[in-house]
Structures are given as C-alpha cells and as structure tokens.
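Following: one structure in structure tokens, then a few remarks.
Order of writing sets the chain letters: A, B, C and D. Residues in each chain are counted from 1.
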Amino acid sequence: MTIDQQQQEIIEEFSFFEDWMEKYEHIIELGKELEPLAEEHHIEDNLVKGCQSRVWLHADQKDNHVVFAADSDAVITKGLVALMMRVLNDQPAEEVAKSDLYFIDQIGLKEHLSPTRSNGLVSMVKKMKLYAVAYMAKSA
Amino acid sequence: MEDAVLIHESYDVDRLREDFPVLEQTVYGKYPLVYLDNGASSQKPKQVVETMEKYYYHHHANIHRGVHYLSQEATTQYEVARDKARDFMNAPHSREVLFTKGTTDGINLVAYSYGRKYLQEGDVVLVSTMEHHSNIVPWQIVCEEIGAKVVPIPINEAGEIDQEAYASMLGPKVRMVAVNHVSNTLGTINPVKDMIALAHQHGIPVLVDGAQSAPHLTIDVQDLDCDFYAISGHKMYGPTGTGILYGKEKWLDAIPPYQGGGEMIQTVTFEKTTYNELPHKFEAGTPNIAGGIALGAAIDYLNSIGLDRIAAHENDLLEYTTKALLEVEGMRIIGTAANKASVISFLIGDIHPYDAGTILDKMGIAVRTGHHCTEPLMNRFEIPGTVRASFGLYNTRAEADRLLEGVHKVVQLFG
Amino acid sequence: MEDAVLIHESYDVDRLREDFPVLEQTVYGKYPLVYLDNGASSQKPKQVVETMEKYYYHHHANIHRGVHYLSQEATTQYEVARDKARDFMNAPHSREVLFTKGTTDGINLVAYSYGRKYLQEGDVVLVSTMEHHSNIVPWQIVCEEIGAKVVPIPINEAGEIDQEAYASMLGPKVRMVAVNHVSNTLGTINPVKDMIALAHQHGIPVLVDGAQSAPHLTIDVQDLDCDFYAISGHKMYGPTGTGILYGKEKWLDAIPPYQGGGEMIQTVTFEKTTYNELPHKFEAGTPNIAGGIALGAAIDYLNSIGLDRIAAHENDLLEYTTKALLEVEGMRIIGTAANKASVISFLIGDIHPYDAGTILDKMGIAVRTGHHCTEPLMNRFEIPGTVRASFGLYNTRAEADRLLEGVHKVVQLFG
Amino acid sequence: MTIDQQQQEIIEEFSFFEDWMEKYEHIIELGKELEPLAEEHHIEDNLVKGCQSRVWLHADQKDNHVVFAADSDAVITKGLVALMMRVLNDQPAEEVAKSDLYFIDQIGLKEHLSPTRSNGLVSMVKKMKLYAVAYMAKSA
C-alpha cells in the first residue's frame, strides 16, 4: 500500500469510533501491540528527546525503501508511533521524504503533533524524513 | 477541629469562583473545566483584569519624570502598588521592593549582580536538590563564568531538605544559599527561617525562591530575615510578566546594577555614568506599568479573603485528595513532607505521566505532567516525571472528586 | 499633492479616536486632554485591551510543555503573536523573534550575550551621540567589565549623524555599531540601511534601536540586513512590559544565553546543563503571555490602518505644527533633520522646559520635558532639556492648535 | 513669625486666587523676585539634583537659626523655593527640623512636592531639614 492508501485506511478505521475514549482505547491498543524495538537500538543516538515522553527511532535501508523501528516510554505516544510506522515504514525513501501526513489531523489527533506538545513525535517525524532524504542522496 | 469547620463554612468558594470567568467553561465539548494546574500559573480574578482595563482606559502614561497629569497619576498608582507589595512581604522599605518580570528574572538579577560582586573562583553556591531550574541555572551561568560551583543540598525520601547535611555544608567557601520556600513539585514547605539563621551564623546570605509560597503562605521577610526573596505575579492571581524581588538595602546598595537604561541612571555621559537610588537602580527601561498596578490589585484580592483562610481551604483539599488518592492501587505520592502546601505529585504503578495527563486532559481535568522544571529532583527519585495536581483558592472537593474519577479511568485504561 | 489630500481625507481620525477611551477625558476639571507624549508611551486601543481581557477570561494557562487544553490554547495564541511580530518586522524565521520586556531589555540581552562572547579588551562599540540611555548604558556596563570602550559618533547641528565621521571610525577594533532608527528626542530618521551596509563591509554587526520607529515606519529587517533590531510594545499601541528583539539566527546561535531558568534549557543536571533551541534559549521563565498576545493585537491594529497611512497623517501634523511653532518668537527647534518622524523638541527663548511643561500640563496638554534619557545629546547642544511634543495616530490638527495656544500662554507668562 | 504663622499667611494669600492661572502668575512673580543666590554659592556642592530642574541650596547658621539661600534654573521651581524660604528661612533649627509643611498641600501645589516630579524640591526640603538637624547636633 502507498503512504496515502495507508492514511486512508487509518482514517476509515478511526471513523467508526463514537468518542475520544474509544479512539484512545484503540491507540493504547496499538501502542501495546507495537513491535518491540530491539534492545540494541535503545541507545542515546536513537533517542528523540521530548520533554514529556521519549521516543527511540531506528532507521535502515532496504532497496530503495526506508525501514523504521521505534519505541516510546509512554503508551499513547507509542500508539501514535505505531500509526506513523504503518504509514511510513518500508516505503520508498522518496515517498517518505515528500509525504504529507494529513491523517493525524483527520483522525482528530492534531494536538499530539503540535510542536509545543513536547512528546517527541514532531521530532520523530522530522527525523524520519531526514533519514529518507539522506538515503535518497546516498543512492543518487 | 471546630475552628477548622468554621473556617471551612465561612469560606464561600462558590462566591469566589464567580470572580474567575475562565473557570466557567467546558472543554472538549462537554467537560466542565477542572483547573488543577495552579502551580504552573493561577487564574486571574475580575478585580485584577478590570484594574488593568481601568488603567489603560483612564490613566496610562509612561511613569517617573513626567510632568503631566497622566504621568503623575500613573506613577502614583505604580508606586502605590509597590507599597502594597512591601506590605504583602512585610518589607521594611519600599526601596527594597523591586518590580521584576517574575521569579526567574528576580533570581537572575541577584545571581548576576551579587555573583559578580561577591563570588570568586572556588566559591560555592548551595541550592537544594528540589530547586526549580530557575534557581539553579542562573547560578550555574555566573558560577561557570567565575569558576565557582553550584552544590546541591541533599533531600530525604519524603522530599525534605536534609538539615544535618545542610549544616555540615556551610563553610567559608559558601557565598550564597538559594532555596525555595515551597517546592513546586513536592509541595514541601521548607524551614527557611531556621536555614537562614544557620547560614547567617556563617555570614552567608540567603535567597528564598518564593514563587510557590506567595499564593499560599504569609510572607514576612523581616521575620525570616532573608537577604533576598523572589516571587511571581502570575502564580498569585496577578498578571503575567510581573514579579517582585525583595532585597535587603545593604545588598542592593552594595551590588552593581543589572540592566542598564533609562530610569536607572543618575547622569549619563560617555565618560562616566552614575546610577540612580533604590529601587530605580535596578529598574531599567519602561516597566510593566499596567502589570505592576494589577499585581497590586491581586494583593488586595488575596488580603480581602485572607491568606490564612485560603491556606485552610487548600489544606482541606490537600488532605481530602491525598487520602482518596492513596486508596488507588499502585499509587505513589512523590513528596510526603510533614509540612506541605497544596501540591500533589503522583505516579500510578508504571503508568507514564504523559499517558495519565493526556487522559485527564481529555476529561477536562488540567494537571501538569513532566519534570516540572526540576530535573535534578526527578533524577534523585529516579522517575521520568510526575502527574501534579496543585490547588488554588477556587478549587473544590467536587473538583477533587473529578480528579479521582479521572485517575480511576487512567488506571482502567493503562493498568 | 492630490494623493496627499486623498490619504488625508480617507484617514478618519475621529473614528480611530473612538478606539482609545483614555483620550476622552478632561483633566484639571475643564481641559480636554491633548496627549502629545506618544514618544514616551502611546495609548492602547480597545482591541488591545480586549484581547488581554479575553485571554484572561477564557484561555489563560502557563505555556509550552503543558499537555492540557488551556495550556495548548495559550501556547498557540502566544506563538501566533510571535508570527505576527515576525511578519511585522519581515524577519525570516519566528525563531529569530524573541519576546522581551521592551527595547531596554532587548538591548541588554545583546550587550550581555554578544558582548561576553565577542568583546575583548581594547575593543570599541560605536553608538551615536543621539542614543537613548538604553542604548548607551548596557554597552558601558559590559565594556567596563571587559575593558572595551563605548565611543560616540558625532552629529551635526541639524541632529543628523555625521556620516563621514562614522565611515572614518569603522575599523578593526570596532565590534558593534548600535544606533537608533528614529531619535526619540530629535525625530531624526537615521539612514540605518546605509550605515549597516558600511559596517558590514568591515565585518561589524549592527544593532538597531527601533523603539521609536516601530509605531511610525515599516520595518524590514531583511531589507535593512541588520543583525539585531529591538522594539517596545508600549510605544506601538501595545501593552507595557512587552517587546521584541529580532536577531539573526547565526548570532543567536553563537552567543550564550542571557537569563537562566525554565523554558530555556534542554536538560539540567548539576554537572551539565544544555540549552534549548531558538527562540526558547533566550526566553527564561514564564513570559508575559497576555502581554505578548496583546502585542499581536496591536500589530493587527496597526496593519488594519496601515503604517503608510499613519505616517502620512503624522507627517501632516509634523509639518503643520513645525510651521506654526516657528512663528513664535524665540522658537528654537532642536532637531531639524531632513528626514524626520513626528517628534518636535523645542525651546522658547530662555524659558526653562520645566516651566513650559508645567503650564502646558495645566492646560491639559501632555508633553514631555527634560533630557528624554538622552543626556549626551543635551550636552552636545548645551541645553538643559527640551519640551517635546510627539504625535500618534490619533492626534489631530485641532490638538496641534491647542499646543500652540499653550505655547503662546507660556510665552506670555515667562517671556 | 513662626513657621506655622508663615504657612498660614501663605495659605491666606493664595486663597484669593480664582484659578490656577492666577496662582501660577503669583508663583512666577515670586520666582522672579527671589533674592539672587551669590555667585560663589552656585557650586556643585550646593546642587540638589532633580531631573527636571535644578536647585542650589546654601545654608548657614546664625545663633540658633538656620539661614538659607537658594536658587533654581526654572522659574516655577524658584517660586516654590521662595515660598519655602519664607517659611523656613531664619527659623530656629529645632523648628525647621520638626516642621510639617502642610501649606504646599493646602494651596494646591502638592504635585510639585511629589517625589516623582524630579524638580529638586523634595530633595531640597529634605536637605534643609538635614542642615537643621546637623546644626542642632553641633550646638548641643
């Protein structure tokens, strides 16, 4: 699936929830289910600092695709990380670099991506795109 | 016991809430706001906002040195506000009462001006492990420049300053003790009067960070005998961008000015500039005139209720909430000092504060989460942060119940 | 000429005056207030005061790092205000736009942080002879500490910076040029763009004191290519206790922080503290949140009228009043630059400014008298002070006539 | 006349004025008539700094009385100085020291004695009393 198809799928998935509680329950579920980040990647270098919660992001390259693995110490952040992974993981570097992540807004979680939220998500997304750009440069 | 009931009954919190229009709102469409983030900043009563409005609509002009009517009027109001602040802290003289932007600004002033005059290489500034960054970083900046050191006084598990350790750390190299009166994270009320007396035995001055005490306790700088005392307007129901620094005249006379500019000079030439008398020496530039005057209104407001009665009300909420919280499984209260103000920091099992705070927020309950600008304290307790509920004069038991309801929901979701 | 009339006709000053309730009063029982002290501080339109009120009644909370609804809301509003300030000055990035207490605060920040990093013994800071104390004393303080020198650029009889002298003074020892865009005493509009270009040829950065330009001229920091630009909110129809400092990112990155505290740190430990990114690195402590947001409203207000139209209106008043004043016997206008903003400083014969100001005040006309915080300038002209009338967007020709009436009375009494 | 009698006299004198203009005309008159301060006393040491206008004050002792001479660069200040002289000049040091200068308030010129007016008057009055106290100490 393309990045946009993934976003559409998530938007649809969230459209069934009646209120924020159901939505958050789902996010928490996703957070708990997120594929664990290998212990060796829980390192300072992979740490994306947020003041409220911390995010670890590991990136790798496979063909022209970027492969991410990530984790957070807060479950809600982790759930949002999981959504980001569904959208951006294992996608062509070029697509990641130019992606417009409108789904967060559309599922009503915009505030979590506010730069003042300090939960590490904004910085994580920025970093994911930077990785993508870097890989593109390398393979160019 | 009967007295406590009396105080409680005569404290008409519903009436007081009418002074705070901001409290009347619902958030996220359906939840009446429960504002428990008073430690970060309190809300403002109409009396304060209307004072600013009145000032701008009738009296505004730049102050001091203006010959015209409005300027004289504005100056008088500003200086009356200074007198109110003097009374509020029981400072001997108005010239020892400096207007600042806030506690951070006040502490930076002292760190810069006192530090530059009295700190030397190898000297030590003692701060407690529970200090707010605003009472650590300014000292680090000046100490680094001079080659002095900021050394933390340890605290115990309850979140109280280790007084034995403190006594043993005082010595000839120590040039300043800087501690808060009330901890913003733990709620601990520190025995600053005793600590000051002890420091003075060694000839060491003491700065008290009163950001959290001003809205809760009666401040008496003469009784404390502190050398400096810094507070913020916005935490005591006053406007943002205001604060007061009390300093003993002998220090304010001795130390160099902080900022340079208009107001703070006597005469300026390119050869030699001389400085104005107190308090002007430390008040460069056009001040926050409307803010200062409205801070005076906040002081009037607090006095009209009575800090004692406010404290009694808040203590009731503190006890009530603490007791109820402790019944939640896995509840851990960070900060269990014998002497506490109405601040409760907690953690539930291994639920992350950000998770708890996010859900509480969704239920309309405003608490603060994170390190509360006290990272060394978080490191001391080896925790990433806390959830902090802090009460103000307008909070109610019903709101405490809402918090508890929220906590139960959090447990249900993450437990 | 027709164009000028058009601008004038379409500028509905009576309508605008309705936005300023303070102007409606009579002083000393019978004189409608004529407020001509805008150079000291301007009055505030309802739009600004109502913005503060609305903020406190609906949105207040401490900003940044708060997870709850109100905090997010307040943060957004504050950052939107920063963006408005960025647009107002045409700064490239919001992170180059720092909130301050005012111009004095902004200049002190630069003098401290830039000075500490780049000034060395024997270095020179160039300022003009017409600088406000706020753009002299901060440099004197840091220079004295470091062993550098503040050197004045001479001005001519008209009150213009001597550009030849300036060019000749630039050299390898000069580490900073600090000049105002508009002189608060003379009204002179300095050719800062050319001066900056010249300084840059020598690799010298330039700070522009824009306290007096902000309410009158369109500021474009990219076109000017200035390194720092400081303004005050209270002089541009915004609240007291607010200001903006623009600084080029390369400098703000390179220089050390100014105040220490919350907000401005990345992490704090007693071993090592690291600083936050721009703009937060320079914004320690809880800021003047309501003030910053209301400053945004002041910018909106100015934009809604248009600075060009305001300037045209004020220039009309300047010309009209200057011409009429010059008909008074013994009239001496201090500051006759070719390029002037709407500030008129004058002396009548040997009538003392205090005498003139006192009588004008008694007639309800608010002007400023004295040295206007520009003592070196007074020394340059060998005068004890001036009477200064400074116009704002709401002043009228009828008010200028009242001033003239007052001047005639002064002449009659003291002449 | 005692200090209080002088004050009463001035209050009566000013009670005849219909409006501020007449009052100020009178003050200006008094200012112009003030006995000039000898050139040798126009010195830095006698300068009482105000930001708006400057006052020079010279003090001497005759018997138990304090004798003042003063001047200002502004006429209105000079007029007020003249009033002060009438009240305090050549009075017993003790009386000067403990004097309560209510007349300024009663003739409606309080604002000129406001500490924020910076016209030098407040400092002058302070200095006059200090002189008186000093002389008392000397003669005690």
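The rule is short, and it goes like this: contacts are C-beta pairs under 8 Å (C-beta built on N, C-alpha and C of every residue); 3 or more make two chains touch, one makes a residue touch a chain.
These numbers come from a predicted model, not from an experiment.
**Student:** With chain centres taken as the means of their Cα atoms, state the distance from chain A to chain D in Å.
**Tutor:** That pair's centroid distance is 78 Å.
**Student:** So, what's the distance in Å between the C-alpha centres of chain C and chain B?
**Tutor:** Taking the mean C-alpha position of each chain, the two centres sit 31 Å apart.
**Student:** Centroid from C-alpha atoms only, then distance chain A to chain C, rounded to Å. What do you get?
**Tutor:** 46
**Student:** With centres defined as the mean C-alpha position, give me the chain A-chain B separation in Å.
**Tutor:** 38
**Student:** Which positions in chain A are in touch with at least two other chains?
**Tutor:** Touching at least two other chains: 51-52, 118.
**Student:** For chain B, what residues touch not just one other chain but two or more?
**Tutor:** Chain B, residues with two or more chain partners: 28, 65, 67, 267, 354, 357-358, 369-370.
**Student:** What kind of graph do the touching chains make: line, ring, star, complete, other?
**Tutor:** other
**Student:** Go through the chains and record each pair that touches.
**Tutor:** A-B, A-C, B-C, B-D, C-D
**Student:** Any idea which chain B residues touch chain D in the complex?
**Tutor:** Listed in rising order, the residues are 63-65, 67, 72, 75-76, 79, 266-267.
**Student:** For the complex, which residues does chain C have touching chain D?
**Tutor:** 28, 352-355, 357-359, 362, 369-371, 384-385, 413-414
**Student:** For the complex, give me every residue of chain A touching chain B.
**Tutor:** 20-21, 24-25, 28, 51-54, 73-77, 118-119
**Student:** Please output the residues of chain A touching chain C within their complex, sorted ascending.
**Tutor:** Listed in rising order, the residues of chain A that touch chain C are 49, 51-52, 111, 114, 116-118.
**Student:** Could you list, by residue number, the parts of chain C that touch chain B in their complex?
**Tutor:** That would be residues 21-22, 25, 27-28, 33, 35, 37, 40-41, 43-44, 48-49, 52-53, 56-62, 65-71, 101-105, 107-108, 111, 116, 132-134, 136-141, 145, 150-152, 232, 234, 239-242, 256-257, 259-262, 264-265, 267-270, 273, 284-291, 354, 357-358, 360-361, 364-370, 373, 375-376, 379 of chain C.
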